[in-house]
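As structure tokens, here come the structures.
In the two complexes that follow, subunit A is the common piece, with subunit B as its partner first and subunit C second.
Take a look at the complex of A and B:
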């Protein structure tokens, strides 16, 4: 019932192989760093997509939950806790804060929910900059150590000192997150999220607890944001209030919208394509934001499901035309 | 089956429903009729928990359901449709059915994430029940289509299907044939009869007198939020108060 066409599967396999081999053909360390950042932002944007794209709740606090994950890992590893314990713990803290915020704010709808979550995002940023004992204030926390090596039979321990190891760590996390989202989204549970997005009174009338559904989606999405933030902190070996900033939220939002809301590959595609696009538009200096703004509006109007959604529509049209041709001949 | 006791709903300065009493008995089709603004849809919204009654009580199989939330009432076996056809129009026909069946399953977050044996069993059961219902509705061929591709009649059928798929004890239909032409109305009427014959109690709001007269066992007539008559179609048809309320316009149709 929830299957994909063969050529789409092939495309995913090609991308997967290309991703596995990337460290051997990436030209330099700077670009490698950009790629790793995109992988991590892709994880975070995927979490936002669960809340915004699939459940239809316009959260603007995603950067804050990313930041909670980042600070969580930074503070815990500084205290001597292993990164491998700190990462899930930080993600759980993100989820727990998400639960409290969600229960308080998800009673509001639409633009009101967006405003309330934006406020929470700004509060988190202010706290990160001013609770000096815990967060180190505006300087943040720096000099985080590498994750401890994982003992591995035959090959010896896997070290996490190089960019390549950091890349595979983030890639593995992205794949696990996408796999989990795939299971959640392509299921009756996933349909209940979309039911809430599409027609909340009807979802309510058919026995779906819409409030609980929204809370679950919000908590799960923020757990994912926490994971992304935690990996980001250990990769940068530091964390500062900018990791909780609402500017980050709007980056994620753009990745989700331009890449493709309510599509699994969309936000990841966005996280890779937008930085590249920005790089290409560098010659326009600050005017590039103008072009970017126009592009954003055009996509929202003409491609509400972003780039991936547009591709899918094109694909369906081609398939329909082929069908027509074969039935004519 | 369903019992409404002294149900009253006041909006600011307006009494929409006043001291209403009626029963729906197991296995019957009961119609609620009345002129526009008589409070019919308000009664449905009160029963299903969309609105909170100002006073009065509602019982489903002797359980007090007054003040419960819509999803709680639905999961006790009371389903409804809406006056303006309400569907999940971004999704496929089969998806609409699966959503309608979800509360009967254990297809929650953790079971789905870990694909537990329970998840497998329930997912299979949900698909089977969804297809069974689509067959019953005559929509099985359209299961993979998106809702906007359906005709108006098919959309009306689907709306009934979403409410029916979870095997409710009682089904509340709000103008199930509104906006349909005669031929389509007849087909939907047949469908409602078939639903009752399968053992589901039905309560229906309608305007089309001819359809009501041939379909239902009993009629409750509302006017200005009050019950002005109750009885078999024949009794109601000859009731002077009812004729006056309608000014004879449709009753003799």
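Take a look at the complex of A and C:
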């Protein structure tokens, strides 16, 4: 049973239990806030991983769709709509905009696609800062209320006023998204995503509708970004144009690449490890992007599979070696 | 009419910058197939290096300009060697991600070394000339003249020298160029040096007019990309015409339509054009 040095299932169970118990051993409210933000960014990075890692399309508009979700929830809850209705609605708006943008831009390839999506990202950022009637301009929208309590039999209503409840809300969303992505990636459709990534003309030749595949992946990824943005808005109780900024996109990119492209745990790991690490290395704050810029280059050249991918490879190599040894003896 | 002429003058001045920056980008992008997304940030670094040589070391404007250009040529060669050459044989998406990495690195580098607040390079030629009702400062005229000199010089280099011919040969057919004995790696290195050096020229010419800031490269880099894509990858005339056109459109559009949204029109136009013709207006192949 323990042929591999890292037993994956056991590891996941340990992490899951640790995540469930986190509110009881987290040192202070500030670190807790960092952790919740990491969970939300983990959701968004997972969405980007679907487009970038599995389908091979270098989208640089992910921050924009995150922002659409955030503004969607902010504007709708301001208008008096319940958060539980506003969140899926905002994610759907995000997906719908993603559909329009995807149909327009996915005919382009490679670097062209990246530039065009970045252009859209900058447009969203400019609009968020200047459409004052809708978005509140550069000040954004603030003072959002908490989500309405869910009525629950026997225990009474579940309230969403504390940090702990917000943490479990985002954790639940992360788990749902990861499960959905797991089902998606390991389905036949997931195989066609990877076929498009690995060799688009070949995928086309074996009868995959490559354009539709890319559009569906793009829309699904942006739907996830919208969910993450919506939860982010309600967690921060405010939203400002920085939630649509392309710097956010670059942060997601760092999480996905350093954590491990085209692995499900990779982006989540990246979204966790990097901000938490930065909190403990406060004195490096000014050098943050200096370090991560250089790391991004080094990782993409020498370890394109990222941290989780690299670990996985190492794990398999050691397991294969042990197997060989036992069969020899 | 005078307002119109003034706007046209400003448009040509901005267009000169755009044309030079797009020229450097189109060289590496069309010729070596490398999407150097950090090109705008090379421009930014060029401006700061001018500040460093001209003001911090006190060499004066012209000596500072020459030093900045030489230093940037070296930076371009280092970048090609460290970042892009190892990614030659890998999927293009990897080179692009590496470009984002270098962009973050350069911007943060400028932030750490020179600080986030803007810096000013003192204007060496603050005199004003009044011509047909249009006021122009000598420095602004210098931007326009400098751009013309640079474009002519580069044209001469590409068409009349052997080094220029090797660049063109690699652009037309990489394998063929290798077979005739051209050292493709040396050509890439040279192209990156030229590209970064031209960006430094543009930044040096314009930095006495505007403040330097670490973020100034991002939007300019994107505009250069738009120009290159619309003008055709690797097309030098396309980059020049596109640069001047974008400068004029912005100056006139900023004056007559909303100034807040002027970038939205440029970027929106790009999305629409690429949706209709995914390889760009005059594009030949794919990236």
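Quick notes
Here is the rule we go by: the second predicted complex is superposed on the first by the 311 of 329 C-alpha atoms of A that agree within 3 Å, B and C clash if a C-alpha of one lies under 4 Å from a C-alpha of the other, contacts with A are read in each partner's own complex, and residues count from 1 in each chain.
The rule is simple: a contact is a pair of C-beta atoms (placed from the backbone, for glycine too) under 8 Å apart; a residue touches a chain by one contact, two chains touch by 3 or more.
Here the structure is a predicted model, which means the values were calculated and not measured.
Of the two partner chains placed by the overlay, only subunit B lies in contact with A:201; subunit C stays clear of it. Touch criterion met: A:114 reaches subunit C, while subunit B stays clear of it.
Contacts of A:301 after superposition: subunit C is touched, whereas subunit B is not reached.
Of the two partner chains placed by the overlay, only subunit B lies in contact with A:192; subunit C stays clear of it. Touch criterion met: A:105 reaches subunit C, while subunit B stays clear of it.
Contact comparison for subunit A: of subunit B and subunit C, C touches the greater number of residues. By the touch criterion defined above, A:287 lies against subunit C but remains apart from subunit B after alignment on the C-alpha atoms of chain A. Of the two partner chains placed by superposition, only subunit B is touched by A:183; subunit C is not. Shared-chain residue A:40: touches no atom of subunit B or subunit C. Overlap of the subunit B and subunit C interfaces on subunit A: none, as no residue is touched by both. Considering their complex, residues 48, 50, 69-71, 74-75, 79-80, 82, 86-91, 94-95, 98-105, 107-109, 111-113, 115, 122-123, 126-127, 162-163, 166 of subunit B touch subunit A.
On the side of subunit A, the complex with subunit B involves touching residues 1, 180, 183-184, 187-192, 194-195, 197-199, 201-210, 216, 220. On the side of subunit C, the complex with subunit A involves touching residues 29, 35, 37, 82-83, 86-87, 90-94, 96-98, 100-109, 111-112, 218-219, 222, 225-226, 229, 260-261, 263-264, 267-268, 270-272, 274-275, 278-280, 286-287.
Put simply, subunit A touches subunit C in their complex at residues 52, 56, 58, 60, 101, 103-105, 107-112, 114-116, 118-120, 122-123, 126-127, 130, 246, 250, 253, 257, 286-290, 292-297, 300-301, 304.
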